Every structure is written in C-alpha cells, then in structure tokens.
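Listed below are the structures to be examined.
Shared between the two complexes below is subunit A, which pairs with subunit B and subunit C, respectively.
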Partner chain A sequence: MVIFSVYVVNKAGGLIYQYDNYVPRAEAEKTFSYPFDLVLKHHDEKVVVSFGQRDGIRVGHALLSINGVDVIGKNTAEGKDILEYLKDPANFPVSIRFGRARLSSNEKLMLASMFHSLFAIGSQLSPEVGSSGIEMLETDMFKIHCFQTLTGIKFILLADPRQSGVDVLLRKIYEIYSDFALKNPFYSLEMPIRCELFDQNLKSALEIAEKAGNFGAGS
Partner chain B sequence: MTVHNLYIFDRNGSCLYYNEWNRKKQAGISKDEEFKLMYGMLFSIRSFVSKISPLDMKDGFLSFQTSKYRLHYYETPSGLRFVMNTDLSVTNARETLQHIYSNLYVEYIVKNPVCVLGQTLDSELFSNRLDAFIRALPYYSPRAA
Partner chain C sequence: METRFTRGKSAILERPLSRPKTEVSVSAFALLFSEVVQYCQSRVYSVSELQARLSDMGQKVGGSLLDVLVLREKNGKRETKVLNILLFIKVSVWRALFGKEADKLEQANDDDKTYYIIEKEPLVNTFISVPKDNSTLNCAAFTGGIVEAILTNSGFPAKVTVHWHKGTTLMIKFDEKVIARDKALEGK
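Showing the complex of A and B:
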C-alpha cells in the first residue's frame, strides 16, 4: 500500500513541485553472448528494448549499465555507441542491466503539463452538465488522484490502487501547501515551491497515510 | 445508474460507431471534432500512463472518473477501442465492454461478409442487438428526459 509520488501543478499547467516517495526499481542484470537476441533502438537519448522479452526484461526497458558501468545516454561510459558496441562479437560475453528508465526533470514537467490538458479535456467531453476535470484515473498498477483547488492549483497523487483515504490526504496536502508555502513570505505564487517545511510536512503526511492505509487493509 | 454513450474506434482513429442513451450535455463542437478529440485524449492518456507508470503495466489505462461521470476503456489486441461513459455508480465495465466485443462486434460485424472492416459500422442488426444489450444491463435505467 504505497504512495508513489506527488505532483503540484499551477494554474498555467506548469509543474511547481514534485516528490517521489517510492520508486520501485525493477531492474534485471543478465549475461548475454553473441549474437545479441534483443532488438534495441534509440529513443529519447536512451537505448531501449524495441523487440524481445527475456527473464524480466520487457519491451520499453532502457539499457542502464554494461558490465557494471552505467551508460551515458546512447554511449557507453567510454563514449562508444552502444549499438555498435553490441554488434562486435569481440565484446561478448557481456553483462547488461535493463530496467524502467527513471524520469528526468524535463520529462516530469512535460507529463504534468500533459495531465493538466487531459484534465480539461475530460471536463469538456463530459456527457453530464457541470462536470469537473479528471479526478481519478485508474490503471491496473496504480491510480492517479487529482484535486483541483478553487485557485486552479492541482495536487496530483500517484498511489497503489488499493490505497484508501486519498481524498483526505489530498486535502491535507492542500492544507500543508497553504501553511508552509503560501504563508512563507519568500514564496511567490505559481513559482516552484522551495520551502523546507513544506517538504518535511509533506513527507510526514505521506508516511501517516501509508501506515493508515495498511491498517485499513489488514484488519 | 445509467450508461451515457458508447464510442468504438479502430486503430487508425476513425470512429466506427457512436450511440448515446442518456446524454445531457453536448460537447459544443461537431460530432467529427468530438470523435477526434476523444480519440486524441485517449491516445494521450495511454502514452501518459505508460511513461509515468512506476511499474511495468499489463492492461494499461482502464478508466477515469470526474465529479459527474466515469469513462471506461477497453482495447482489443487488434487495436479496436471501446469507450463507454457511465455515471459514477458503475465501477467496472470492462467485462461489459469485452462482452460487446466478443459477442456483438465479432459475431455481427467481423463475421458479416458485407461489412467492410475499417469503415463505419452500418449493420442494423449490430445496432439493435447492442442497444438491446445496453438497455438490459443491470446498471442501466432510462432517466426521465
């Protein structure tokens, strides 16, 4: 029963705060011999699996390290292109670690803005009068909850699908935002939140919610 | 407890079928634009979900809800997308959508030699059976207009 991350989006759709509470690292390190049996491709400055699945390595996983040394973008740590490196049989057997690529700050910014727009479209396409935007989006692995305040700030929470009490938690985060960000004289509205007390109180609120969620499910 | 409307899209984004039962508010744009917007929104949601997901996903995006309605989504492996808007009391319509695909779409459209796949579904039998099926759903109740 986990809360994965929190995003706060301002009125214009820009990300002003992001916190990753729990990032599950699903990685697999395997030894490969020539010929290499997965098909790789370049995607967004990373090397990802485009075809082939084996032992926990799935399509979409990024290549994280070769022989224990982390790769840098499309090249190995020495600067050689990875795809060329893997075409050379002299380099085998090689031990490669694959896993879900961690999101960069830029990607998080883009995703937050994307959600801001999807939220609005959800309201426009509503078959009922007076609908809000997307308040909860469900997938098989997680749920996204969104609370929009009267001033247009959105608090977005990524949590386990079975997590309960998320509405209360979102209101609590709003309270923490108004206490430690808005009342901070050095904080400007709609700007990225850099207030230590906000971070601390947010972390403890998430811990409490996770523990409470566990009790609810166990009893 | 009610079903508002149903869209069926093919893998290229064209809307094959649309019907509404209890829709109170139109989108304010033409039907064609609404279909494109709906398809575009779903395409974006799917790509958003696959990027932001902390774990590898099996089924992907299932549904979303707002304060007034809930949108259920089901995609077949062939890229056919079923989208149903219901009210908030319906929590899981995935099986309903799967039933619509396997028992109605496959039976009356795919197995129909006259129907060309990829064009709008104009089989009257399909429309009637689908309408009857929706009205027979336990969570469907026609509201007074």
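Showing the complex of A and C:
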C-alpha cells in the first residue's frame, strides 16, 4: 500500500517537480562462468538482457554492476566495453548484478511531457463535450492518478492499485503547492520547484496518506 | 476638506480606534509579503541590502503601528523603562501583529545594551524557503524593522538585526545614552 512517486507538470508540459517515494528494486546477482549464456545487447546507452531469462533475471533487465563495481553506461568502471569484456574467458568467473534500470531524469522529463500530450488527447477524443483529460490510468501493478488544476498544473501520482483516498491526497498536494511554492518569493511560476518546505510537507502528506490507506485496506 | 476629494466617506477613517475585530488571513498576508520581498530583491545587489530594505519597510509599518497600539493597549500612557518597553513589544505588539506572544525575551550575558527576542518560527517566514545561495537571508528583517521603529519612536534609540540562531533571533542593541538614562532612573 504505497505511493510510488509524484510528478508535477506545468502548463507547457514540462516536468517541474518529481519525487520518488518508493522504488521497488527488482535485482538479481549471479556468478557466471565462461561461456556467458545470456544474450546481451546495447539499448539506450545501457546494456540489457535480450534473451535468456532465469533465476530472477528477466528480458529487459539492465546490467547494473560487475564484481560489485557499478557500470557506467555501456562500459565498465575502468572504461572497457562490457560486451568485449564478457567475450574474454580470462575475466571469468564474474559476478554480475542485473535489475530493472532506474529512470534517469531526462527520461522522466520525456515521459512526463508524453503524459501531458496524452492527457490532452484524452480530452479531445472524448465523445462528450467539455470532458476533462485522463484522470486515472490503471495497470496490474499500479495506478496513475492525475489532477489538473484551473491554472493548467497537473499533479500526477503513481500509487498502489488498492490505495484509497488518492483524490483527497491530490487536493492536499495542490494545497501544499499553493502554500509553499506560490507564497515563496524565491519561486518563479512554471519553473522547477526547489523549495525545502514544499519537499518536507509533501513527504509528510504522503506518509499520512500511506498510513490512512493501510487502515482502509485492513478493515 | 477631505470629503471634497473622496467619493463618499472613507470607511476606514470613520471607524473607531478601539478594538477592531479584524483579522487578516495568513495566506493574504503571505502573498503580499512574498511580493514585497520580490520587489525589494529586484532592486538590490546583495543579501545585506535586501535585509536593509525589508527593515526599512518594517520601520514604516512600526512607526504607524506604535500610536494606535499605545492608545489601545495602554490608554496613551508611555513607557519610560527599557524593560517595560521590551515587554510591551514581546506581549502587546506581537499579539496585535501575530496573534501570540514572542517566544523568549533575553538579555545578553556580557552586554547590558543588548537584548534578544527569540522566535522559533516567525509568522512572516511560514511559507518562505530560502534557496541555498542566499542562505543568510532572513525575511524576519521586516519584523526587525517594526521593532526598531517602535523602540526609536518611543524614545529608546536602538538598532535591530536579525540572525538565524535558535530559530530566528532579533538582536536589539540600545544606544549608550538609553542605558545610562535607565540606570539613572533605577538609581533614584
């Protein structure tokens, strides 16, 4: 019963605030010996598994570290290309950690803008006149809730599907935004939010909502 | 003469001076104060200048506030002792402005010219998060200006500065002659 993350998108579709409350880490570390039996490939500056699922390592997982040392993009920490490194039998046995790659901030920016566009498409596709954009998007693992204010700011929340009271929480986040961002003389509109008080109050509001959500599920 | 220049009566000037029950919402004040800070910030080049500007604005407020508060709270009687005027500030002024008393009033250990008013969370700073690059800025300089004007206009010339210490501390430094006069009064 967790809230995974909060995104705040401005009128133009740019991400102005992002907070990851809980990121489930799906990782697996295994020791391999030559020959290396998973098929890896380059994808988006990362090395990902393309074939060979086993023991918690799935297709799409990125290679996170070799022998305990984190990799940098396509190369090891020393700068050697990973695929070349794994073709050399002298380097084995090797212990590699695979896992779901964390989104980089650029990727988050892109995804938030994409959601902004989909939100607008949702309102245009609607058969009823004057409907709002996408308010909720449900998948098996999580739900995206979106609240658009009168001024065009969108508060997007990724939460557990069973989490209750998300509407109230979104209104509360709007209240926190209007208090600690809009009344702050050092914050300019539509710019990334860098206010300590906003962060602190947002975190406590999320904690309260998670605890309240737990009560709802238990009873 | 005034009614010739105003359309109808100016409602605020016709109201009696004693005990208005008006309260202003914190949000309205915060938005106005945020604009005050931004206005000052666009005209200065350093943090100390900004604090000086906020203090000036506070002084204008303090000057106007003193008369009406003395009339309401103490029936026009004026304070002559340093401790009494400080208590007046800590209790009456703070209550009129912020709805509660200031947290602490202390005297410096080594210097009898210096007093401290300490507040853990000043009301004016409730919604303000100072960015790291001007982390020495404390917008309670505005409150410091109010206190300075009240002291100076009551006949206790002083300088008030604001520091980040135990929350926010207003350091009040009286002029020499004020303390000398006060000691002479005690002696009598």
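Keep in mind that, in the parts below, the second predicted complex is superposed on the first by the 219 of 219 C-alpha atoms of A that agree within 3 Å, B and C clash if a C-alpha of one lies under 4 Å from a C-alpha of the other, contacts with A are read in each partner's own complex, and residues count from 1 in each chain.
One rule holds in what follows: contacts are C-beta pairs under 8 Å (C-beta built on N, C-alpha and C of every residue); 3 or more make two chains touch, one makes a residue touch a chain.
Bear in mind that the values here come from a model prediction, so they are computed numbers and not experimental data.
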For the three-chain model obtained by superposing on subunit A, do subunit B and subunit C clash or fit?
fit
First (subunit B), second (subunit C), both or neither touched by A:F115:
first
Which of subunit B and subunit C A:E196 touches, first, second, both or neither
second
Check the residue A:S123 against both partner chains and state whether it touches subunit B (first), subunit C (second), both, or neither.
first
Comparison of subunit B and subunit C by subunit A residues contacted
B
Applying the document's definition of touch, where does A:D179 land relative to subunit B and subunit C: first, second, both, or neither?
second
Go through the superposed model and pick first if A:D55 touches only subunit B, second if only subunit C, both, or neither.
neither
Looking at the superposed set of three chains, what is the minimum CA distance between subunit B and subunit C in Å?
30
What residues on subunit C touch subunit A, complex-wise?
27, 30-31, 33-38, 41, 127-131, 134, 139
Name, in rising order, each residue of subunit A that touches subunit C in their complex.
179-180, 182-186, 194-198
Can you check the complex and tell me which residues of subunit A touch subunit B?
4-5, 22-24, 26, 58, 60, 100, 103, 107, 111, 114-115, 117-118, 121-142, 144, 158
Which of the residues in subunit B come into contact with subunit A in the complex?
4-5, 20, 22-25, 27-28, 34, 37-38, 41, 44-45, 48-69, 71, 85, 87
